[in-house]
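Below, subunit A partners subunit B and then partners subunit C, in two separate complexes.
For the complex of A and B:
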């Protein structure tokens, strides 16, 4: 193993990638998008979850890429895949109950883990038009569980979404079942300050783990809604030298998704 | 039918286009978008178009930049590695382009309803969200309905069919009968071709039907669904075609920089679309050296990163 550069601090993206990798269980079928989820999935595969099978909405199933792809449509990602198909096929695996876990990013998130990736402002005359759901709504509706990865601040963690693109727990207990959504919903929200989960009684977000040096008050200050009473709070995982080596030297050596430039 | 079958030159394609038509286009991210057919569509002057799109971001962006896109039923338009589609997004923000949002699977299911000749398609996503609750230009009750299964085993979201007038698709190879083969990921072209009224395909290579018959499992669209075939090598440029060439990141980057200003984007379209006499002049302008540098390594299926092919 090459000696890690001691001057290079652990970046928030690296912490989030390690926390996201932990959510993947060995043997899972994981629906993966561009960016940190891709890095996290390959970290999991290289460590505790060698049996994970990855599915991408471009139609790539279980690939063995030799280089990190620039996106889910990148031809590098198709290398060594066990099946290559279309978008309809990949998404149908979600509806068929074949996908254990999916990862999402978001522009806004509310206390029930609902997400907005559609508009800032009014829907028909938005201030900012965002890219839209894509597969996000499908993953959140139909994967057995999902994890959201995003930085934490008051503009993102909001009391009321400007548009509900993607279902978390919708309006609370029982709402997903009433909407006929087959997946169990969100299990974790991984941020640069803390790792959050959901109260099983209320379905509302609560702090579960803090990164070293971050106080609960600091997290509350960056959240636009009441995070409720925290129970016992654990310590968020600190990337090990082995994980950092894999991230920096093997999975993303050019720093496409994680690296000093992005820190 | 003549010996050329469905094979037509690019300049004859505009007879399939008209003002106010709806269309759908193949491709995903920076892969196999029908860019040469799209440039011909813009040159034809057809306007007031409605796009029924899933992931054909470059098609949406160029139609928006050319000012000929009125409406879009879609699920996600963004440029992997660059960011949001600026001209499309600004068109929506300014009220020039009306939109109707879906999840990817929602769009796929609406196209599949047409493809399968059904009055609706049941599906399990989108329920409970603003995608079904907040209408764009289509009344919510005409888009979807939350219904009980007739068999008493749960509820589903029924979505109505979308039937595009025209599908434009770029593929790897085709024959004169319109049998079409595409390698790598296939985006939504199969469902789009089955849903559309008219299907126009451009291909990297025109091959004998015997070549198709030798590997029929690679055929993604059989000739019985195809109305016209155009031979357009590098017809997806600046996007890529799996097994042939990578997307042209420099060219896409130049467009993305130009898309910041309406003047620059107008100049870009004038240079690369409106004033371009034909596809061969376009390829000359891109340049042989650039085109060759994009060729994929047949063993890997992609081009090695810069520096790997000194």
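For the complex of A and C:
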């Protein structure tokens, strides 16, 4: 193992990648896009979850990619895969209830973990038109559980979404079932300040773990809705030297998705 | 028995598309979009198109910026890791472009239903969200067997589908290389849902070639209206194992689209300036085209 550069601080993206990797259990079928989830999935596979089965939205199943892909349609992803299908196949795994975990990013999130990636501002006259659902609604509707990864600030963590693109717990307990949604919904929100989870009674977001040096008040200050009473708060995982070596030297040596440039 | 050739010039094929048509676009994100056909749509000045796909990028953004589009129907329009689709963004924010919102599954189900002759397809996506309020083709219904709630996705019959594939013969039998994404790719559903089907290909091959590996035929001639030969016809998108994304070009596009005037210059340089696809390829240059092919991934 190469000596880690002691001057290089651990970046928020690296912390989030490690926290996201922890959500993947060995043997899971994990539905993966590009960006941090791709990095996290490779990290999980290289460490505690060698048996994870990765499914890419483009229909690549269980690959051993030699390098990070820039997009899910990138043929590089196909290296070492056991099946090359198509997106229709990948989405059919979701609809068939065969996907254990999916990862999402978002422009806005509310207290019930609902997500907006469609517009900022009024729908008919948006201030910012965003790309839309893509596969986000599909993953959140049908994966057995999903994890959202995003930086924390008051513009993102909002009381009311301007458009509900992707379902979390909708309006609270029982709402997903009433709407006909099969998956159990969101389990975790991984941010640069804290790891959040959902209160099983209210389905509202609450703080579960804090990164060293971050106070609960600092988290509340970056959140546009009431985070409720925190229960016992743990310490969020700090990347180990072994994990940092994998992230920096093996998985993303060019710093495409994580790296000092993005810190 | 051999029928008259289905090969048409790019200009003649695109002339089949009329102003106001519903046009379904093959490919996804930045992969195997029929870019040569789309550049010709802009050259011919089509207006008021309802473009429909399931996950889109530079393809739709370019048509929107060129003023060809009145309605966009898809789950996503973005320029991958470069960021937002800026023409699309401008058109939504300032010109009130109509968007019909989808999940990926419902966007595909529109084609899936039509391609197999069904009026609708059931889905478990879109439920509980704002998607149905911004998409008249999504309506929740109750499964008569279980009483469960599902989303009904209405079939779509596009006037024209445009897709890009690897090879075809003169008869219109369309194939993908063995080195590819599998044939359950939505392109097949997109093509089979439409009344008129225009397929651009990297290469015209002999009928013997097609018959030597019929398992690789994704669209037999009965499903195809005409074929256009357009090597590097997906550029700057990637084309499975044949060539990679042209990230430099995509980056230049994203930068140019920061302003309306920047995009106008880009259009003049790369779309309306070159008289046809061959002139476009000359503009891009043999060296660049070889560069995106050289890193070709083989397994």
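In this section, the second predicted complex is superposed on the first by the 263 of 263 C-alpha atoms of A that agree within 3 Å, B and C clash if a C-alpha of one lies under 4 Å from a C-alpha of the other, contacts with A are read in each partner's own complex, and residues count from 1 in each chain.
In this text, contacts are C-beta pairs under 8 Å (C-beta built on N, C-alpha and C of every residue); 3 or more make two chains touch, one makes a residue touch a chain.
Every value quoted in this text rests on a predicted model; they were computed, and no experiment measured them.
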*Do subunit B and subunit C fit side by side on subunit A after the overlay, or clash?*
clash
*What is the contact status of A:142 with respect to subunit B (first) and subunit C (second): first, second, both, or neither?*
both
_So in the superposed three-chain picture, is A:134 touching just subunit B, just subunit C, both, or none of them (first/second/both/neither)?_
both
*Applying the touch criterion given at the start, work out whether A:125 contacts subunit B, subunit C, both or neither, answering first, second, both or neither.*
both
*asked:* If we overlay the two complexes on their shared chain A, which of subunit B and subunit C does A:255 touch? Say first, second, both or neither.
replied: neither
*Does the superposition put A:163 against subunit B (first), subunit C (second), both, or neither?*
both
*Go through subunit A and flag every residue that touches subunit B in one model and subunit C in the other.*
34, 57-59, 70-76, 78-79, 84-88, 91, 94-95, 114, 118, 123-138, 141-142, 163-167, 170, 175-176, 178-182
*asked:* Per the contact definition, I'd like the list of subunit B residues that touch subunit A in the complex.
replied: 28-31, 54-55, 74-78, 80-81, 84-85, 88-90, 92-93, 95, 98-99, 101-106, 108, 112, 123-131, 133-134, 136, 146, 154-157, 184-191, 240, 242, 246, 296, 300-302, 305
_Which residues of subunit A touch subunit C once you look at their complex with the stated criterion?_
34, 57-59, 70-76, 78-79, 83-89, 91, 94-95, 114, 118-119, 123-138, 141-142, 163-167, 170, 175-176, 178-182
*Please give the residue numbers of subunit A that touch subunit B in the complex, ascending.*
34, 57-60, 66-67, 70-76, 78-79, 84-88, 91-92, 94-95, 114, 118, 123-138, 141-142, 163-167, 170, 175-176, 178-182
_Under the definition above, what is the set of subunit C residues touching subunit A in their complex?_
28-32, 54-55, 74-78, 80-81, 84-85, 88-89, 92-93, 96, 99, 101-105, 108, 112, 123-131, 134, 140, 148-151, 180-186, 189, 238, 240-241, 244-245, 247, 297, 299
